[in-house]
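The following blocks contain the structures, represented as structure tokens.
There are two complexes below, and they share chain A, which is joined by chain B in the first and by chain C in the second.
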Partner chain A sequence: MIKTALVAASSLVLATTALPALAQTELTMWYHGAGNEVESAIISQIIDDFNASQSDWTVSIESFPQESYNDSVVAAALAGNLPDIVDVDGPVMPNWAWAGYLQPLPIDQSKFDNFLPGTKGIWDGQLYSIGLWDAAVALYARQSTLDELGLRTPTLDSPWTGEEFMAALDAAKASGNYEYALDLGMAWTGEWYPYAFSPFLQSFGGDIVDRSTYKTAEGVLNGDAAIAFGEWWQNLFTGGYVPGTSQDPADRETGFIEGDYAFSWNGNWSGVATIEAGVDDLVFLPAPDFGSGNVIGAASWQFAVSTASEHPDGAAAFIEFATQDAYLTAFSDALGLAPSTASAAAATKNYSSGGPMEVFFGLSNDQGLVRPVTPGYVVAAKVFEKALADIANGADVADTLDAAVDEINADIEKNSGYGH
Partner chain B sequence: MAARSTLTQSNMAGWGFALPAFALLAVFIILPFFFAFAFSLTDQRLISPNPTRYVGFENYERLLGMNILRIEPARDDAGQIVRDANGDPTYPRVRTFTRNNPDLPHLQGMREWFGWRSGDDRVVVLARDVLFMKSLVNTLTFVIAIVPLQGGGALLLALLINQRLRGINAFRAIYFMPVVISIVVVSLLWRFIYDGNDGVLNNILHGLTLGAFQPIDWLGRTDTALASIIVMSAWQAVGFHMVIWLAGLQTISPTYYEVATIEGANKWQTFRYITWPGLRNTAVLVFIVITIQAFALFAQIDVMTNGGPLDSTQTLVFQAIERGYGKQDISGGSTIAVILFFVVLAISLVQRYLTRERT
Partner chain C sequence: MALVAPENTGVRLGVRYAVLLLVAVVFVFPLVFMVISSLKPDHQLLSDTSSLRAFLPVGDISLNNYVAAFERAPIGRFVMNSVLVTVVTVTCSVILCSIAAFSFVYMNWRGRDLLLSVVLATLIIPFETIAIPLLLLVSRLPWMGLEGVTIGWLNTYRVQIIPWIVDALTVFLFVQYFKDLPKELIEAARAEGASWWQIYRRVVMPLSGPVLATAAILKSLKMYNEQYLWPLIVVQDEAHRPIMVGLGYFFQLDVAWGELMAYLSVISVPILAFYLILQRAFIASIASTGVKG
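Up next is the complex of A and B:
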């Protein structure tokens, strides 16, 4: 008797919950932010708002930890189980597009004209992904440090030159007040290395691969400019300016805040936390110019539509909905990242005019340079990371860069040029 | 005859019990090995729209290619050898021979592995894949160091706890504990122990030497990183082999020891003539198991050093995974796996031959 009642009740529940779903087509979405409650709350809010705003589609989300997200997508693609909507890290996007995991966004590109350049994932002339925010890197310093050491405050229009930058490090070192003059974040292995450090190489005039053809790294990663960069890089470590590859991750988090490091090369996502930790005269200085302009890395996580999706129009509708200014502002306020549009920035706590991190918006807009837009980037980034770690540990500069070039070139060749 | 009839009678049941294990071995060990061998002859990528091509033994050549180069010292215009401040001859850089040198196309892309001086010339051993060579040497070093360390340490512990003492189970549990903890957790903890600034090890040494000891960045130096990992790995798995030794010790009949006592044998003689011969088969098992496990060194490297500094802790399995997944080069990773298989097979066969029953 009880059993029948239960069955009846559950089928009733099933029927009532299933009914609206019949009218709406279900779309699945994968996201990299599992474990970050703030991020999850916003993305869930966007999805709830979208599902309530129309009656054609209903999006459901599955979140993965960032460390294993890319592996999960690759595994799903190999097994043929990709969701409709994926998020993808900007520099990885060409690899997935080339491998056939992503389809071009079925949205008119002109909709995103006012977006920061780094938030648009363009491969082979087509827009594949769009980001709600961009990340930017700056040289963290205290105004009091600058005053104490008698240093000029660099600006976007007149950044420090390479010599000025080294003079600043020398002054910090000579003051004896700091354990190290500069913290580069060597503890953050992985994508941080190419993201944060390849702009130095580009500012010297080199690059990870030759962007005119994307077929070789010869001459750009081991040319004179690159060797000059490598020697400068090695000198940072042999000269005792910077903690090395065995830096404790905890020191990376707190070293600048506690005053052990005079300068810190860090991302905008750490800005809010640093100010809240009590560094009230924090200033964000633009990257130094080593001769070929001052650049920082651009492109962060972005939304894209997978080739497995049977409803790209629905996926596109969701992405268009999510890229409203209100949500860009919400993400920026919660995570400290730079919103993709100037109009959204004006509404944020940190990036509005006079806000503590306003400068980053300018950095992203003026200095931002995307990492090499090629499917081979995934491999080149790993090779570059290892080369930088080896040079920091005292390996011969020219030989290490040669080896990196050979490995990148062998990989490009093995992939028949990656479609370039 | 009796043995054969039991086997025939319980054949079905025997196969039935073995089947799940055989099926798992076939699916997860044997099949992947054949896949690996097949992939190593192709240019298979993890993800790629390009079709897979058969490339023969190219992957093996890329890994194993070696050459020897004899470099003459640099000479000035008068034909005199250019010498540096110490009076040693100076040499042109190896890259002038191995990069875009039209006279030496067969050396293109090779790198110096190691070299030495021979008269005024310098002899350089070039390898096509120096990283692989270093991984191979590191892996072999690890195996050679860890087999006596772990096997011997485990035997010592087994002898210590093979006594009837009050609370001996507590010691057994303590020695066995690291085996139960995940190697990833152990590696993370040992990172704190080895920390270069205020790690536990540095603090202890600092205290013991009354401040005379200068802190060492154990995992950050090329001369200590691999040794640090060897010690930590030996410690982690020593409990497991201790249990195997202990099982072996307990199979030795107490009457032998009684006889030894009556005959007036001392402790060393008892160990040498009773315990050690009684542990023969256990020893063969322990050493082969340690050897095979040691070749699979990966998690410690991945968590603690990532192969650095300067490749001093690169290992074959770490490279296989780094290439196969990190660099999406399944064929390159597979090739390393196949080479590793043959190395382990060869060493196991030699070990079996050396420890065979002699009649």
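Up next is the complex of A and C:
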């Protein structure tokens, strides 16, 4: 009798202690970081912390290789198999929102007022996604190179003008010390082209599409400013300033470090590695101003809630939890990317005051310009990439840009203006 | 009577072997590069690419890339998945396609020739054009398993196997081979009262070793080496991913070249072993079909 009572009591205790776990609703999450051990470790830690912090939700993660992640998400959307939470590349977000894969984040936008502009995914006036970091691009140089060539060190307040930039490349070329004056990273294809190079076009006064209507590229991608950009771009290659589209990826990774290139147009994700490779007088210079301001690309990977989620409140709870400064700092320290807030930056080893990458936070904040916020961007980006590669390889500038405009406009028309 | 001087024979042999050696080197070099590179750290691997050092095990040589590759991705799981999918698909394929071909060649039924034409016409349809409709289909198909009836085949082995079992090329190979078998054998078996199934199993298949090897080899190469797009869109969980999707694990912001080469070396082992075991049949299959896998 006593034995039976003990068993019954034990069962009751077990049942009552297990109840909170059983009550947790499972949320699924897809992430693009498969194979990235550092990133995976942090995201797993965030999930573990979140699951332990409350009794309503439990998040489980499935990671995908980054290069095939978007295709997997689109296929899953077609098959009706999306998870609750997805991460999405900033410039792709409007397309996924327009296509009905994402729902607006049920989080008050004011909670992210202190976030870098590029980390907020806003489409049609609503916040759809939020990022834990932002990527930024700068002109890598050695201080010793600037000194040897007698060049002024440009700053955020006083960047190089287009003429100064070309004079710097001429000086590097004339010195005979470098295989090429500038490395643009032509070995990197895909999104690198619009991300890294469209800011040059924007600084000339052009753009990939007309942002006032998002219904055409006419006049902005083939107008006078764009043609001036195209001719400048082509001159970089014909003038022997930069390696061409056949650049070896190995040269991209080691050329600047080994002193083959005087300058390198590169992202903040490579900054720490470049310093650790022995470039101890590395300086990150802001983008030159070709007349219409100096800008760099903004927006990286961000969290969003899918339309398939039956628990958007739970998904939002996780996203809000993940955007704590502690996690922004952890990601920044691990990946070398800029954290989304100034307060998190102050706690990082690279972006804090006096840190080796401090300047990048200012670059993101002051120069960052998101790529065209339109569902049509995913097509326009590919057209832009091809046009720039063709021009680099000698194609006629005006004809190539006209053809690119026609292709982008045809896509916009085919998709009934993408909802603009 | 023409006589060949011994010294001329020696020269001709020398030239022949020199040419063969050159061709062998051209084909073997990528494999040598892959294995040698897998032993080097990234910075050395990249700097060596511009010289012959790329093909030599010199410098900082170690197995570190293999250790790191196994830590980065569940390689054993990916290889096992690909081997499982390949073996099951190929086994089912040679059985079902040979049965279909047997029916097309030996049995008389209404619409036979038309259906064979339709089957062969699918050879010209690229898989990419039917990938999305097929995805929509398999995501809604029912399945009866241990857990009862479930809807949708996504994230399973069967979704990687069943759509690939029957294909026009394999049916075509069997049809062509069966057409060349002596008709008298079939007629004699029929005269002695053998059923179609008995003729297929006891007469035709025992004579079909060469075409079985050809079909199995070509199908295996396709299933093991080329399965990328389909598993990419129908398999979202890591547990069912095949080797080709696993390649993406090594393409980060900075590509892990050494680990990538280690991964390629590891996943090449099953297919190289398969080739070495069936080397003679493989060469015969290429020679007889003119098809390169």
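Assorted remarks:
In this section, the second predicted complex is superposed on the first by the 399 of 420 C-alpha atoms of A that agree within 3 Å, B and C clash if a C-alpha of one lies under 4 Å from a C-alpha of the other, contacts with A are read in each partner's own complex, and residues count from 1 in each chain.
Methods note: a residue touches a chain if its C-beta (ideal position, glycine included) is under 8 Å from a C-beta of that chain, and two chains touch if they have at least 3 such contacts.
Because the structure is predicted, anything quoted here is derived from the model rather than measured.
Of the two partner chains placed by the overlay, neither chain B nor chain C lies in contact with A:G240. Greater residue coverage of chain A by touch, when chain B is weighed against chain C, goes to B. Touch criterion met: A:D71 reaches chain B and chain C at once. In the superposition on chain A, A:G291 contacts neither chain B nor chain C. When both complexes are overlaid on chain A, the residue A:S270 reaches chain C alone and has no touch with chain B. Touch criterion met: A:W30 reaches chain C, while chain B stays clear of it. Once chain A of one complex is fitted onto chain A of the other, the partner contacts of A:V378 are limited to chain B, with no touch recorded for chain C. Contacts of A:S416 after superposition: chain B is touched, whereas chain C is not reached.
Applying the stated contact rule after C-alpha superposition, one finds that A:E62 touches chain C and leaves chain B untouched. In the superposition on chain A, the residues of chain A contacting both chain B and chain C are 71, 78, 248. By the touch rule above, chain A contacts chain B in their complex via residues 71, 74, 77-78, 95-96, 98-101, 189, 244-246, 248, 251, 378-379, 382-383, 386, 389-390, 393-395, 398-399, 402-403, 406, 410-411, 414-416, 419.
Chain A makes touch with chain C in their complex at residues 30, 34-37, 62-68, 71-72, 75-76, 78-81, 248-250, 253-254, 267, 269-270, 273. Those residues of chain C lying in contact with chain A across their complex are 42-43, 46-47, 49-50, 71-73, 132, 135-136, 139, 152, 154, 232-234, 236-238, 245-255.
Partner chain A is touched in their complex by these residues of chain B: 43, 45-50, 62, 93-95, 99, 109, 111-112, 130, 195-197, 217, 219-220, 222, 306-311, 322, 325-329.
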